[in-house]
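After this come two complexes, each holding chain A, first together with chain B and then together with chain C.
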Partner chain A sequence: MKSLYLTAAAAALLVTPAAAEMTDGKIKIGVLNDQSGVYSALGGTGSLEAAKMAAEEFGGKIGDAPIEVVGADHQNKADIGSNIARQWYDTEQVDTIFDLTTSSVALAVRAISDEKKKITMVTGGGTTELTGKACSPYGFHWAYDTHALAVSTGGALVKAGGDSWYFLTADYAFGYSLEENTTKTVEGAGGKVLGNVRFPIGATDYSAFLLQAQASGAKVVGLASAGMDTQNQIKQAAEFGITAGGQNLAGLLLMITDVHGLGLQAAQGLYLTESYYWDRNDASRAFAQKYKERTGAMPSMVQAATYSAARQYLKAIEAAGTDETEAVAAKLHEMPVQDAFAENGKVLANGRMVSDVYLFQVKKPEESKGEWDYYNLIATIPGEEAYMKAEDSGCALVK
Partner chain B sequence: MTMIFGIPIQAFLGQLLVGLINGSFYALLSLGLAVIFGLLRVINFAHGAQYMLGAFVAFLGLKHLGIPYWAALVVAPLVVGAFGALIERTMLSRLYNLDPLYGLLFTFGLALTLEGTMRWYYGASGQPYSAPAALTGAIKLPFMVLPIYRAWVIVASLVVCLAVWALIEKTRLGATLRAATENPSLVQSFGINVPMLLTLTYALGAGLAALAGVLAAPIYQVSPLMGSNIIIVVFAVVVVGGMGSILGAIVTGYLLGVAEGLTKVFYPEASNIVIFVIMAIVLILRPAGLFGKEG
Partner chain C sequence: MARGSDTAPAEATPVREMGRGTRTLLLVLALAALIAAPFYVYPVFLMTLLCFGLFAAAFNLLLGYTGLLSFGHAAFFGGAAYFTAHAAKVWGWPPEFALLLGVIGAAGLGVVMGAIAIRRQGIYFAMITLALSQMFFFACLQMPFTHGEDGIQSVPRGRLFGLIDLNQTLNMYFFVLAVFLLGLLIIWRFVNSPFGMILKAIRENEQRAVSLGYAVPAFKLGAFVMSAALAGLAGGLKALVLQFATLTDVAWQMSGEVILMTLIGGIGTMLGPILGSSIVIALQQRLATSDFPVTIITGLVFMVCVLLFRRGLIGELAHSRIGRAMGLRPPG
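Presenting the complex of A and B:
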């Protein structure tokens, strides 16, 4: 390591001052996600703020090159996301794109970034395709994916006797991926899937779908959706007496911002999987507190992961001594991740950042000691078990 | 088991009822829009925002002032109605003599401003609001579990829709109102304060939206986005019913709610576009809408 620094220093002396190593004199991070719709609470401007916090830790610059963080709203539409990405890369000197909530948009932007040889660090999108068929030497996936969610939540519930499932699935890439992965886990553990229904995202009224789930008689109703869709489903499931009738609800992607929106009264007892919880250790608490002072809310795992990914990206630039894509991507692949989000995280050959994920159960209102005290830790699933091995991911980069 | 169109009759009846519940919201919202358009010739794009404000008044009233649900049913429409009156008096009324496009643009801007403001304060994730104790729980019907609250929504919406229709079509006040829009200067010459009538009409429309908002609060999350999610559908309802036709708006609201509910059984993926498909077909066959007057 020391010799590396020496070489870098020597090279710097030989060639030019530090700023000149940056391709255009500055480092510009774009945070592209849903800033107004159903997923804006779990990512949104919170992710933008988290990326800014990472930049500030570096004093706002690396060498002489200033770090700039910009954000935009893709409205969960792949065409809008693609247009913004092209504009950012072509005319606004954006070096990399972060967050990319909504898998369909993430996949579209990933393809454009590949073509333009730019690094993407997905923290909001969840489909395993990002590190599978659509993997890229410059593409990274932080926070979570549908495989990890399925292994953790699906596996735990089948073990607890929930061996027949019915899915309420969001009608797009992420929903399919989550349903498919969970189905595999459930069937692998000896359970069976009785049926599914696919709803358009942002449907707001789910009673028709919930009635079908109820009529199926499945022991577990798996909600393969996210954000406000899932919130409304949980609220309305209570109304139609789904849980009172003996069926269990599994929020396959539920984050703390959703639980906060629902309130403990409606959310208590739910099982869910996250890769970050603010009240886990000193580092996570310190980051969360700082984040809350700026935004008024605790960070979701997507927001915390955006901070982690931005920090790692900037560290990689520092280590590489340049923001040139190949060099930074190589550093990102080799450096361990150690921060408020992950302990001993590592990046696999397919771009997947692997760290522990946690199965939580939402506390009862009387157990909670205060605002944002929401989870009981049920199990810690080591990253190697939660995520697919790079060899099995279907990524062409892995031999 | 008896089957109908290849699905069990139980499921069919259940979906029919669910469709009626959604139809209740469509009817209530499109009613307000139809009243405002029919009498003021203003396309009120802020209707969704006023619906959202109604839900927020209920939520904030309960949180900060302890106003219970039943009181909110009265308070929220009054507050939002008064706000509507203020907007109409100070801004919207200046646009009556211009092209209707200006009113549309103004209310659209107003909707964006209101939504943006609420999102700034409360974020996009929803706020919880519980149904009153008397309306929680469910009735077990032979073909489905019917939450009591949903049954209440159907009844409340039907009563309000009929009352408003009767007010405008059957009473003297309603007759004056209709006359005032046909020929304002003539009605004014009878000593009737026409601008005041128009203000009250806009306030009534806004109040109806707020009432729908309070009814919706316990079912959906109270969220700044709840209005923009529903407003486009409601516009489609008004267009299908015939712009400005009050009875048309009510009947079409229920009909489209049911059509949407049934689509959720047969082909769920299409459930959010079926209303627009129907709208396109109606516009081709009957451009003035189902209940609209030709020309």
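Presenting the complex of A and C:
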């Protein structure tokens, strides 16, 4: 770290400011996320690496200003996250913060960044609050949100024939909102919800709940939960033969890292929605291959989105000719997003980056051609249909 | 110089006199350091340390001086954070009243939890407190006013007594420092009162305290509620400092962390929990930017402390010759 500072300082002293006007002679991106806990696989040091890849594409500098990427582990605690954010902004000249898994931390850091007039680009957190009540002219939300995933999974599955649903819902606000959003789209698309059952988070035995879902005869069992809870349900559902019996599981918030952890044997047949899959087109494959060489794993949608957001941020600085917050934020709102993550992304007035999302079905073990070959694409949902309109988001910036 | 309690009185008195002088000097120095600290160290970090220091000290009041191991203190700490945050943000209360509400709320929870838990001893007591605090956790997870996993965010710090703007970092720091010192003073006064003596008697031998005619359950409940209220003071203060209240503070891991802090610093010492909490929090924050998983390092520190410093850092120091010369009193 020290030598990095020294290099940066020396570089700052040696060069005279040229075309680009940087506020402190360098561009510093902070990646703040969970690097040791439950979300470390989907974000973690992989996101840090992805941001570094974006910086390298610019040759490590814009004009004469070197680009530096630093990371920290917020351990899923808002206290730690906000303390790091403050210190980064106040004493370490960090210009922007990325990733921000865990919604409580994302919201806390968003509030501090607003106060300090800094740009945040959330790729790990999923709460729609970030582009709703907590929206900010300097706040951006990439990758996904809980509304888009629920709506896309619900709508696209009904079209694909899954017109009767039963929900296994985590018994708190997050679970209810997933269930409610999905229910609305399912019913809107002409499907039926046959019932639901609520379970306490952190439960370990789901047999009673799964049996109710099985007895309902619904074609789709929606899993309105996240993380360990959903993983355990999928494993136990496989044991109860729910998928084998003709019912389908639909994870409302699952990522490729979960599927990788579960293995195809347990996860086969599962439906889920993501905004990125490495094996989707040439650009996504090229990025994923480079990423895998560096980290040993394929990127999750959060990691790919961190790359995309970092690249877009740097492009905005290039276009604005400065790293001054107002100017960069204005460029970010204007410029279309075209990269390995999104083909036709655009940023709404509330800071939401809208790009297509995809409904996938997890392959059977015999269909998979190798490690990380997990998904069959079922449907592409245009970003405009998946994400909430800026007018409906409750963001005060949109009139 | 002889060790232990069998020292001849003639020899012991001058040593203790000298110790007292040094102790006053050290206290003055510590106070001066705390006043000067925000000009050298990052103030918000210092305030976090003070809040957790007070929390650990409040917990130690129960574990160290009454011998009750509560595994549910997160409920008071995090509960008060929610109450204070809600009062300050939604109802627009000034900070001093919001904080007071946090303390009262925590004390209320303490009365309920204490009244149930003190009927049992040892591991059963710990398990009952854990169970009740988990109930509280699930209530917080579901109640709309806590906003579930998003937490209560952007809590205004407001103006103290309508005059002092707490958004100024230094004003906030000195307010936190004042509350922290007040909390410690209360604990110190409490421990060194006849009430505190009876608590120590209960800790040493409950049966004897009963046979001497003390209403042991009432004393235990008193200590429990006192500890809960002070933990609430720390939690409410933290909500104002960091401007949010989240589920982290009511989760069982927080109850475990405060035990860790107290053990590392030294059970039954005044300064131990404060030092312990500073170490744990500093590790969590400083190591956040390292490549090594923080949780593993905290675990290693805990193991080293348990293996090498059974009495905790301050406890060992107080037992050593240096500690005596400094006027530290051994735990008890």
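What we mean here is this: the second predicted complex is superposed on the first by the 289 of 399 C-alpha atoms of A that agree within 3 Å, B and C clash if a C-alpha of one lies under 4 Å from a C-alpha of the other, contacts with A are read in each partner's own complex, and residues count from 1 in each chain.
One rule holds in what follows: a residue touches a chain if its C-beta (ideal position, glycine included) is under 8 Å from a C-beta of that chain, and two chains touch if they have at least 3 such contacts.
These numbers come from a predicted model, not from an experiment.
Looking at the shared chain after the overlay, A:His74 reaches chain C, while chain B stays out of its contact range.
Legend: residue contacts after superposition of the two complexes on their common chain; A:Ser36 is shown touching both chain B and chain C.
In the superposition on chain A, contact of A:Asp90 is made with chain C only, not with chain B.
Looking at the shared chain after the overlay, A:Ala215 reaches chain B, while chain C stays out of its contact range. Touch criterion met: A:Pro200 reaches chain B and chain C at once.
Once the two complexes are laid over each other on the shared chain, residue contacts for A:Asp171 go to chain B and to chain C alike.
In the superposition on chain A, A:Ala148 contacts neither chain B nor chain C. Shared-chain residue A:Ile119: touches no atom of chain B or chain C. Legend: residue contacts after superposition of the two complexes on their common chain; A:Thr127 is shown touching chain C, with no touch to chain B. Overlap of the chain B and chain C contact sets on chain A: residues 36-37, 171, 200. Residues 42, 44-45, 48, 138, 141-142, 144, 147-151, 153-154, 238, 242-244, 246-248, 284-285, 287-289, 291, 293-296 of chain C are the ones touching chain A in the complex. Considering their complex, residues 1, 35-37, 45, 70-80, 82-84, 86-87, 90-91, 102-104, 107-108, 111, 127, 129, 134, 171-174, 200-201 of chain A touch chain C. Here chain B touches chain A in the complex through residues 8, 10-11, 14-15, 18-19, 21-22, 119, 123-128, 130, 138, 144-145, 147, 149-150, 219-221, 223, 225-226, 229-230, 261, 264-265, 268-269, 271-272, going by the rule given at the top.
Those residues of chain A whose C-beta lies close enough to touch chain B in the complex are 36-38, 40-42, 44, 171, 197-200, 202-205, 207-209, 211-212, 214-215, 227-228, 231-232, 235-236, 239-241, 245, 257-258, 260-263, 265-266, 297.
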